[in-house]
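There are two complexes below, and they share subunit A, which is joined by subunit B in the first and by subunit C in the second.
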Partner chain A sequence: MISVMASELFKLRKKIRAWLGPLLIMILVLIAFPLSIDISQYDLNKFYFSIIVISLLVISFLATETMFVEDFEDGTLEQIYLQERDFYKLALAKVLIYVLLIGVPMSLIGSLFSFANGVDASQLPQIFITLIFSTLLLFNLFAFGAALSINKGAMLGVLATLPLALPVIILLGRAIRAVQFGNGFYEIMALMIGAGLLVAALVPLVISITLRTHLE
Partner chain B sequence: MQLITANNISYTINDQKLFHGLSFSLDHGSALHIQGGNGSGKSTLIRILLGISTPTKGEIKYMQPNLVLSYLGHQNAIKSYLTPLENLELIFPKAQFDNAYSWFKKLNLIGVQDETTANLSFGQQKKLALIRILANDSDVIILDEPFVGLDQATRDLLAEYLKLRVSKGASLALTSHIEPGFNCHALVLNGGAA
Partner chain C sequence: MLTSFIHKFSAPKSYVEMTAKLLPYIASCGLLLLLTGWVWGLAFAPEDAVQGNSYRIIFLHVPASIFAQAIYLFMSICAVMSVVWRVKLAAYLIKSAASVGALITFIALFSGSIWGIPTWGTWWQWDARITSTLILFIMYLGVITLHGSFSNLEKADRLMSILVIVGLVNIPIIKKSVDWWSTLHQPASITVSGAPTIDPSMLYPLFVSILGMGLVLISLGILSSRLHILGREKNKKWVQSYE
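Moving on, here comes the complex of A and B:
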């Protein structure tokens, strides 16, 4: 498993556009939005989190859209199948590496921008952890979408996984409100961590079966 | 000794029979040359042998547990954005890297080792992909058109290598429109009948 993760990290590190692109787009969105509307800082603070959440959703989709396409098209999936006979380790490693290289910086960017828009510094760790577990959930769901639409364009993946992402967004919204009002944060985080770990363990299984079907 | 057996296998796609009722085995120290025209199902049969595709009827049996297969198909399974050496590092564990690198030198790829693989010619990319086979001590070697895109010297080198491996007990199955240059059993696919 460690060697698979090392390979995936090596590959993603070399594809600078694949990990730096989504991060730059997120920064651009978070900077451009307040500039594009005439609104007071007080009003902006009230709904800036929504912008962070929506950009997290969209950028997570963008970042994972082509997660398996390259390995499918260049024959790497066939070689992996011959060695492993399934894709569980590959899917698990890919999602974790994407979360590490894209999800964690995205969460950091989201946290820093929320700080710049009225969140107290003491709440930053809570915001950061909330965003990390949201990206873990979103990356897993969108990775499934990417596997599903590997040779059929991205729309099928979007249609299949967007409804699944909505509960994550609702949960994330609740968690952020809980941070802001200092009420019930740990209960929501427990739910988020539980869901995150369950999804991180089970979705690679579904991805593995999906990739196997495409290979056939 | 049989390593892989195919029992009465058939494959149908879109109501069109590619082949049916095929029975054969890949034996220890023998080579099988799968022949046939375009669209006759050679690549499909290779994928069935590998366990990637499932036959419509019949079954493939691996006669030994943990059989080590090496395969090179139409896709090279190399990363175009990496250098050839980085590709080798990705494919081979440290213990096998020196052997892979000696093949890298033997195939005259030293001059392009720091280039991005995307900038290499088709033949050079094919050579790089072939190292996956050449530096791998597998029980069964399965190749889909391995000689395409290679210069004569590399074709000869590959043919010699395959001949040597078969003589040492490996089992080989290959499709090729170019004569391999060593003794192989022939399996001819001919649009539904073999």
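Moving on, here comes the complex of A and C:
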């Protein structure tokens, strides 16, 4: 498993556009939002989170779109299939590396921008953890979407799984409200961590069945 | 005996032949019950003390909402059969049920919006139940689009089945959304475990409408699946000789 993760890390690190692009888009969105409204009239720290949540959704969507395309086109997946090796490890490793290389910086950027927009510094760790588990959930769901329509342009599959991401967004919204108002955060966090771990364990299995179906 | 019945019925040929005989009865019973339920509910059921006559849309909205979820549940059962046992008919049924599901979910959302104007003062609210039903509608469209995008139909069947199974996670969220989140939408008046909180004079026509709509939707599903099966199996001998 470690060797699969190391190879996935190496591959993603080499594809600078795949991991740096989404992060730059996120920074751009977060900078553009306060510039596009009259900040003298609005209390930014009250609703700045919503733009973080939406950008998290869109960037996760964009980042995972090409997750399996290269491996499909260069025959890596076919080789794994012919060798009768399991796709589970590959899917798990891919999602974890994406979370590590894109999800963690995204969460960090989101937390820092919320601080820059008036959120109390003591709330930053809570916001960071919330965003990390949201990216874990979203990356898993969109990775499934990317696997679903791998040879048809992954956007279709990602769009088909978009409705599944909306409950995550609702949960994320509640977690952030709980941080803002200071009650019920740990209950929602427990739910989020539970869902995150369950999804992280099960979705790679679904992805591996999906990839196998494409190659049969 | 049950296993042999399932094996026999799950062959597309047997399904088409059997449903040809059943369809006229199911469709006419469904239409009759639905019309009875609507006439009873719209003309003879008493006026609601709080909502006046506007509540009468429940005779369309409630059955539509119930079947919006029930059809997805049916599709999930078929998806498991298609993925695990590779039952060809199950995949055909998912594809046909998805169109009927999308239609009835749209009706549920539309009728809910109409009901929202006199009761909530707005036709749309980003409320838990409405939003999750909208998600369900998009799921149906996603299933239809995904299937339509593959030229290899066997592969499309299998991928569509996987998506349907994963999407099942939305059904309990929709069902419990009114209990889990603070919402404008009222909690369910009819539950499996408790006594209904609706007066019998309104409840009976509602039950008749639900039953009627169920049968009408089954008829639509059968009709759509028969067309789909005949299209998919058009090169088979039994279709070419089928009248």
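Everything below uses one rule, namely that the second predicted complex is superposed on the first by the 206 of 216 C-alpha atoms of A that agree within 3 Å, B and C clash if a C-alpha of one lies under 4 Å from a C-alpha of the other, contacts with A are read in each partner's own complex, and residues count from 1 in each chain.
Note that in this section contacts are C-beta pairs under 8 Å (C-beta built on N, C-alpha and C of every residue); 3 or more make two chains touch, one makes a residue touch a chain.
Predicted model only: the values in this text are computed from it and were never measured.
S.K.: Please tell me, clash or fit, for subunit B and subunit C sharing subunit A in the overlay.
M.R.: fit
S.K.: Put simply, what angle do subunit B and subunit C open at subunit A, by C-alpha centres, to the nearest 10°?
M.R.: Here the answer is 90 degrees.
S.K.: Which partner does A:E187 reach: the first (subunit B), the second (subunit C), both, or neither?
M.R.: neither
S.K.: I'd like to know which partner A:F144 touches here: subunit B for first, subunit C for second, both or neither.
M.R.: second
S.K.: Contact-wise, after the overlay, does A:L156 reach subunit B, subunit C, both or neither (first, second, both, neither)?
M.R.: After superposition on chain A, A:L156 lies in contact with subunit C alone.
S.K.: Name the contact category of A:P167: first (subunit B only), second (subunit C only), both, or neither.
M.R.: second
S.K.: Report for A:T76: first if it touches subunit B alone, second if subunit C alone, otherwise both or neither.
M.R.: A:T76 contacts subunit B only, not subunit C.
S.K.: Give me, in Å and rounded to a whole number, the least C-alpha distance separating subunit B from subunit C in the superposition.
M.R.: Nearest C-alpha atoms of the two chains are 8 Å apart.
S.K.: Would you mind listing the overlap between the subunit B footprint and the subunit C footprint on subunit A?
M.R.: Common to the two interfaces on subunit A: residues 216.
S.K.: Going by the contact rule at the top, pick out the subunit A residues touching subunit B in the complex.
M.R.: 3, 7, 10-11, 14-15, 70, 73-76, 78-79, 81-82, 85, 215-216
S.K.: Flag every residue of subunit A that touches subunit C in the complex, lowest number first.
M.R.: 144, 148-149, 152, 156-157, 159-164, 166-167, 170, 206, 209-210, 213-214, 216
S.K.: Subunit A touches which residues of subunit C in the complex?
M.R.: 83, 128, 131-132, 135-136, 138-139, 142-143, 145-146, 149-150, 155, 158-159, 162-163, 165-167, 169-170, 173, 181
S.K.: Can you tell me which positions in subunit B touch subunit A when the two form their complex?
M.R.: Touch residues, subunit B against subunit A: 50-54, 69-71, 73-82, 86, 89-90, 93, 132.
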